[in-house]
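One structure is given below, represented as structure tokens, and several questions about it will come after.
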Amino acid sequence: MNLSIALFGITREIVGAPTLEVALQPGQSVQQLLEQLHQTYPALGELRSLAVAVNNEYAPADALLQERDEIALIPPVSGG
Amino acid sequence: MNLSIALFGITREIVGAPTLEVALQPGQSVQQLLEQLHQTYPALGELRSLAVAVNNEYAPADALLQERDEIALIPPVSGG
Amino acid sequence: MLIQLTDQPIDVAAVLQAVQADGAGAVNSFIGTIRNQSTGRRVVRLHYEAYDAMAVHQLRRVAEQAQERWPMLQQVAVLHRKGTLEIGDVAVVVAVSTPHRAESFAACQYIIDTLKEVVPIWKKEEYEDGTVWVAAHP
Amino acid sequence: MLIQLTDQPIDVAAVLQAVQADGAGAVNSFIGTIRNQSTGRRVVRLHYEAYDAMAVHQLRRVAEQAQERWPMLQQVAVLHRKGTLEIGDVAVVVAVSTPHRAESFAACQYIIDTLKEVVPIWKKEEYEDGTVWVAAHP
């Protein structure tokens, strides 16, 4: 399946684009997505934290991804 | 000595005037003033508290009063 | 430091403006307004009476005590109304600015809590069938 | 409930007006403004970026959580800026109204503390010699 991942803040700068297209096996988890991204972009591993949002909610590491999900990387937030 | 005591809120209503003239022996304390006032106006004894201010500060019971002091009775405050 | 006891409406926006400072990232403010009820009774309006000179002196002292406890406090404003107030009117405003937010909450709460204990201001609640000096009796 | 993520200046007075209620005697508000320094460096301006849909969703969720924890909460407003902000600009406003004051402080502090942990908004500080995404690295 092909996922389109929205990027913000420092993750957008690390990847160099506002979205990232990723090809994954069907039924892969958040954890597996993160492992794949860390291999391609080692600088993501230097962040204080990196969460994945699925459909506007923080997703646990074992959540399974589906092609129609709205997915985003969430580096450490700093609003306020 | 003759003291002029400023009254506010419920103490003003109990006494029925905004100031009260009291004749005291020189060197009397806050405590002695309060005792005298309680005898004249028993309703003062029904208040939740009654403090005496001398020159804009709360005065301890053993503070001695002087004729030129600015004295006021302070019933329970309820600002805010 | 902005300390005021006034019989005129308090301009809250102006107070908040007054405490802003370029070195302060946090402004906490407390606004006390007149409620339409008190201990279950419907309130029509309120009458505030103050021992003016002592009230202003004590308001200033409370603000100074906050500055001693929170030395990073940048600006402080404490304004209190007196006279007759209607439902919804602003009775008191406390506003403080600090570099970081935790201290702004703590200092503002300290000021309003202490104000209510020591500043010689009294309120008389007016109901449809009478009036009561608040907190006067046990 | 007033929830807003906006690239326009926040009208603080209007926000405070929006949370007033005749049954609420207490309004607490927190205003976060842009400081001229951060960890010892002089800040020139700030750039806020948001994941808009999720940010609004999470802002609303934080406000709802506060209403669950403090059922007496009457009105809640949470507004956050995005885009480029200058020193002194208002970045965030939280305002709540409650019948009594202690809950207004607690609920307002809960909202701003939780907002800073969960709402997907990022700020980049601009100094005279560079920029840094705040809190991104350990």
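Labels A, B, C and D are assigned to the chains in the order they are written; within every chain, residues are numbered from 1.
Going forward, contacts are C-beta pairs under 8 Å (C-beta built on N, C-alpha and C of every residue); 3 or more make two chains touch, one makes a residue touch a chain.
On a predicted model such as this, the values are computed, not experimentally measured, just so you know.
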Touch graph components, with chain C removed from consideration: A, D | B
{"item": "Required minimum of steps from chain A to chain C, each step between chains that touch", "value": "2"}
{"item": "Centre distance in Å when chain B and chain C are each reduced to the mean of their C-alpha atoms", "value": "26"}
{"item": "Interchain centroid distance [CA atoms averaged], chain B/chain D, Å", "value": "48"}
{"item": "Intercentroid distance (Cα basis), chain B paired with chain A, Å", "value": "72"}
{"item": "For chain D, residues that touch 2 or more chains besides their own", "value": "32, 101, 112"}
{"item": "Per-residue multi-chain contacts in chain B, two or more chains", "value": "80"}
{"item": "In contact (per the touch rule at the top): chain pairs", "value": "A-D, B-C, C-D"}
{"item": "Contact footprint of chain A on chain D as seen in their complex", "value": "32, 48-51, 53-55, 57-58, 80, 91-92, 112, 115-124, 133-138"}
{"item": "Chain C - residues contacting chain D, complex", "value": "12-13, 16, 20, 22-37, 87-88, 99, 101, 104-105, 108-109, 112"}
{"item": "Residues on chain A engaged by chain D in the complex (per definition of touch)", "value": "6, 8-10, 13, 46-48, 53, 56-58, 70, 72, 74-80"}
